[in-house]
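Heads up, the next two complexes both have chain A, just with different partners, chain B and then chain C.
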Partner chain A sequence: MTRDQAFYSALTALDRQAYVPGENKRLYDKDPSSLKNRMERENKIVESLEKAVELSGLKDGMTISFHHHFRDGDHIVNMVVDTLARMGFRDLRLAPSSLSDVHAPLIQHIKNGVISHIETSGCRGALAKAISQGLMDDPMVFRSHGGRAAAIEEDEIHIDVAFLGASSCDPFGNANGYSREGEEKSMCGSMGYARVDAQYADTVIVLTDNIVGYPNVPFGISQRLVDYIVCVDDVGDASKIMTGATRFSTNPHDLMIAEATSNVIVHSGYFYDGFSLQTGSGGASLSVTRFLREAMIEKNIHASFALGGITGAMVKLLEEGLVRRLLDVQSFDLDAAQSLKNNRFHQQIDANYYANPYRRGAAVNQLDVVVLSALEVDTSFNVNVLTGSDGIIRGAVGGHPDTAAGAALSIVVCPLMRGRMPSVRDHVNTIVTPGDTVDVLVTDQGIAVNPRRPEVAERLEKAHLKVTPIEELARRAERITGKPDPLPFGDKIVGICTYRDGSVLDLIRNIT
Partner chain B sequence: MKITTPASAGTMESGDIMIEIESGEQQSVEVVLKSSVANEFGKQIIATIRGAVEEFGLEYAVINAVDKGALDCTIRARVFAACQRATGSDAFDWGKRA
Partner chain C sequence: MTRLRRSMLFVPGNNPGMMSDAHIYGSDALMFDLEDSVTLREKDAARLLVHHALKTIHYGECERVVRVNPLSTPFGKADIEAMVAAGVEVIRLPKTETAQDIWDTETEIERAERKYDIPVGQTCMIAAIEGALGVVNAYQIASASPRLVAIALGAEDYCANLKTSRSLEGSELQYARGAIVVAARAAGIDCIDTVFSDVNNEEQLIKETRMIKQLGFDGKSVINPRQIKPVHRVFMPTREEIMKAQRILAASREAETRGSGVVALDGKMIDRPVVLRAERTLELAYANRAVFEEEEA
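Moving on, here comes the complex of A and B:
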């Protein structure tokens, strides 16, 4: 390096320092080894989960997080919490994006004091039943997907260590829910919820059963966010993580509801070339796609994008050119995951992009129409998707309140009764989505429009779709089923259902 | 009318009710109910079963019912069928409003 006096005088004038080889210890030294060697030596892979936990600095009372993209096939949560219990941790706060049937072993860890608090979007199975019966001293806090993203971003949930399972990961941390290199053992498609944890957690540990060569492109989680990588035998049970294509319902109630819903969309005023759409994965709401497809072809209407949990049915519309783009925060079936992997117009998005209530551009705010399922709807259009008719926790908030609030037209679908249980009633057990964000209810026995949207009711009536007051639907259900006796709720609060901004919508009490 | 043989009607399918009926030792109508909607409708279901048995004309019976959310019309139909079978009655009054 030849530098003269003039160079140094100029630097003094610029108030800058000259580069001195070896001076800045934070710089990496040049490493002449090959990429092959570096992947072997210089990687972020640690030999065991215990070692990664030690390196993370995890302490009693801290918050750990997980994602639920492996659904009921997930092995990560149980494996990690078992390990932490063995290592002697206590009073941990669990903040997974959701929980399901497979997480029943957490009951023991709650009883033993390893876990003292849980924040999640949903809970099912034996764990949910135990929580409903008063297992925990601290009530479980339920948040929507958008509400969780906002709470993490605003540091209401501070994640100390995120344990994120991945279908593939390279030695430096580029991770994804599929792999373009060889066959992944299991595939979950989009890792939309995990991406928020990766971005905001103090320490990020990726667990994978499939280490691939660098760089693992495209990636869902960037290497810059990942601290440690642990190889595990399997991240989950592939057959429970994903099944082929979600099958269309053959239940005649579902089909009646789906056809009526498609008609509502077509005549709602929001069915135009370039409209946007989200449908859920429930029986009726999934089948809407099939009826709507026919209407789109017939009237030569295309959707600019479809959002959300993506299913094979939506992928088919993309491939037929009826939908121009897919924004995918969660892939519901193998067809969706394959499409995410292979189609560049099928884009992986994170939960912040999807539904953060404080983001003006959040994708839910760009929705024209959303179709959502419900367990119960009351005569003020409040919706419950969290607690069953027996009062026991058995569902998930998911993106329900986010999309209902964001979409120009939110349509809730459910049968008027399920067996002897009326779905439309005077009061829901738990308010998950407030009625002022729900516009239309479609049941197998009639359509109701929220009085807040008289213009929608008018358009439907003009198209000769019969609109019934929601009170009449509730009365009709009660005439057939009888009036249910009040549930045996106790005095202990076992769950807090929050709205997108963290404010409390409803409380869940124990069932005795 | 008397029960001559134990009998049953119905299925364990969702939306149905399984009724098993036999003559008991008590001089009354006993109903043992297991129901998926016991908390909300247990009392109403037992009342419906009792009412149907009495309407059929039986004074003594022990009934085991396993309910999967059946509506009242279904419950009454299953009880009547079980009673018919248990009493060997073949006098079907189809015109009578059930």
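Moving on, here comes the complex of A and C:
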């Protein structure tokens, strides 16, 4: 390649550099091997998890992250933390998108100093109980799905290494919760929460039990974000990652609540052709889909999209043409995952797209109606989905505050009483979703409308749906259950419940 | 307006969880059971529980019925006294065989009413007929006391007594059902059909309810809240029936204002029973608000 003097003087005038052959090897060092050979030799697969950890540069005190798309079937968190403990790491900060019963072995790693801090959306089972009893010196920080995505984007949570389990991955890192390249050993559908970690973590390690041919499209996580791939025996217990279709409840309380909720939606003013909705996976909120379906058919109304955790029930509406698109950040059951795999109107989205309050156009802001479950609701409409009536952590913030804030109409559903405990009361144990973002409460013994939304109450009453003041519902519950004894809280703060912007909504104290 | 008894939900008297909010499912009546669903050793506890539930919990519009143990058992008297003291609306007497059973029970009710300063005669009764003898004596039973508001069929015991078993189509109950409806109507009281036990077979429940409605029954006993809606739906008049009933009643009112005893609609004379049936149709329609919503829309 020859250049004349004029070329160089022109470049000097433009203040630009000339191309010098051989100077930047990465740009032109051609690999003559075939794709087939490259998939075998020059891929991102490393021989062991230990090797990947070494390559990642992980050090004591760093932050590692995980996703919870494998739910209670997850093997990744325990496998990775066991390995890190064996390798001698200490003081690690754990930032999974959520934790569940299966993660009880973390208790030992906390006791041994391997893990010193945890940020999560939820926590359950033995680990949650131990945390509530004061296991950790550093309080557990709870964030909503949108709040977590925002904290990662704003570098409030800086992920040094993300360990992301995947149901399928090709040799160059295109990973997903399912695969169109043959059968996966276990599928989880959407990888919406993991995608944020992949995007912002310094180092991304994908762990998979299913290497598929290149390119693994569609992918949830792009090859451009993945550093290393580790093959493992299994990413989880397929039977616990997903069950067939989530079954409709036969509990008469749930059915009553679901039917009433469907009636509320129909008469709320937000039931029009092209409306948008999100329903949860809990007994009552899942069954809403069933009753709403009948109303949609009867009144010839279609939804433009359904959002969120997607269930088989919602997939059925998509397939019947009652819902036009599904935006899926998390697939709740096998039917949902299969649909994501096969239906092009079923779109995978990440947690930023879903609920990040700082992003322009988080999908929750396009919601007309959301139906949310609750453990407790108080007379100011504040909702608790995190701590049980015994004060012990046993739930997850999830997308609750995000969708409640984003949706034009947020409906919270719960039975008035659970056993001998009132669910509607003067004060909730832990505020997870502020009452000023909650519009309607539907219980099995009556409907209450937030006084901030008089127009909604008026519409419901016009449709002969009886609206009861929330204080009256609380009194009705208390008349039967009596006033519960105060809980034996200690002085130690074991949990910090944050709002979407990271500000503190409530503190969780230890139970003695 | 007469009281509707389309559905009577059975609630075991020893289950506080179910008793605390049994009214929310919208059955016309609740029947707290102290008899067959309560084991011998829990009889006293259940009696106390139901007594306090009746005094504490507001069951709204639901008619509150308690099935007591027969007077022939050691529990019958105490049951009646505790329930009357708690202000129960209806005492349901199981295994009624003769009018004497009614009179004996009535004596106990009245004693309790006097003891607890409750107006004598306020507490009503339902007699459950659960054997061949009861069916044979159905009219005597139904007409034995002004306290009686209904008689009910209890099919399980009846079938055992008849040396047969229950079938899906219910041919073994044909005679009993017919006899009970006729006896109730002759005595001018309501009649309530037996339970349908297969909670998950809604289709057959609806079929059976249609059949007993056609026979003339006012309602059906139900054992699960999920059975209430289907039963009510069967008893819900159709839109055409409602419209027609409204026109009949309008014609009847017009005849009244004219001072004429003869009601005519579309040039045809309308008999008194037709007017009564129209009244009942509208009562049923009113109980099922859905119909009115549709009318308005």
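Please note the rule applied: the second predicted complex is superposed on the first by the 490 of 512 C-alpha atoms of A that agree within 3 Å, B and C clash if a C-alpha of one lies under 4 Å from a C-alpha of the other, contacts with A are read in each partner's own complex, and residues count from 1 in each chain.
Here is the rule we use: a residue touches a chain if its C-beta (ideal position, glycine included) is under 8 Å from a C-beta of that chain, and two chains touch if they have at least 3 such contacts.
Here the structure is a predicted model, which is why all the values come from computation and not from measurement.
When the two complexes are overlaid on their common chain A, residue A:D485 makes contact with chain B while staying clear of chain C.
In the superposition on chain A, contact of A:G361 is made with neither chain B nor chain C. Of the two partner chains placed by the overlay, only chain B lies in contact with A:S389; chain C stays clear of it. Contact with chain C, but none with chain B, is seen for A:T250 once the two complexes are overlaid on the shared chain.
In the superposition on chain A, A:M421 contacts chain B only, with no contact to chain C. When the shared chain is aligned, chain C comes close enough to touch A:Q445, but chain B does not.
Legend: residue contacts after superposition of the two complexes on their common chain; A:H464 is shown touching chain C, with no touch to chain B. Overlaid on A, the two complexes show chain B and chain C touching the same residues of chain A, namely 419, 480.
The touching residues of chain C, when paired with chain A in their complex, are 17, 20-21, 24-25, 56-58, 224-226, 289, 292-293. By the touch criterion given at the top, residues 14-15, 36-37, 39-44, 68-72 of chain B touch chain A in their complex. Residue ranges of chain A in contact with chain B, taken from their complex: 389-391, 418-421, 480-482, 484-485, 487-488. Against chain C, in their complex, chain A makes its touches with residues 250, 252, 255-256, 416-417, 419, 444-445, 463-464, 479-480.
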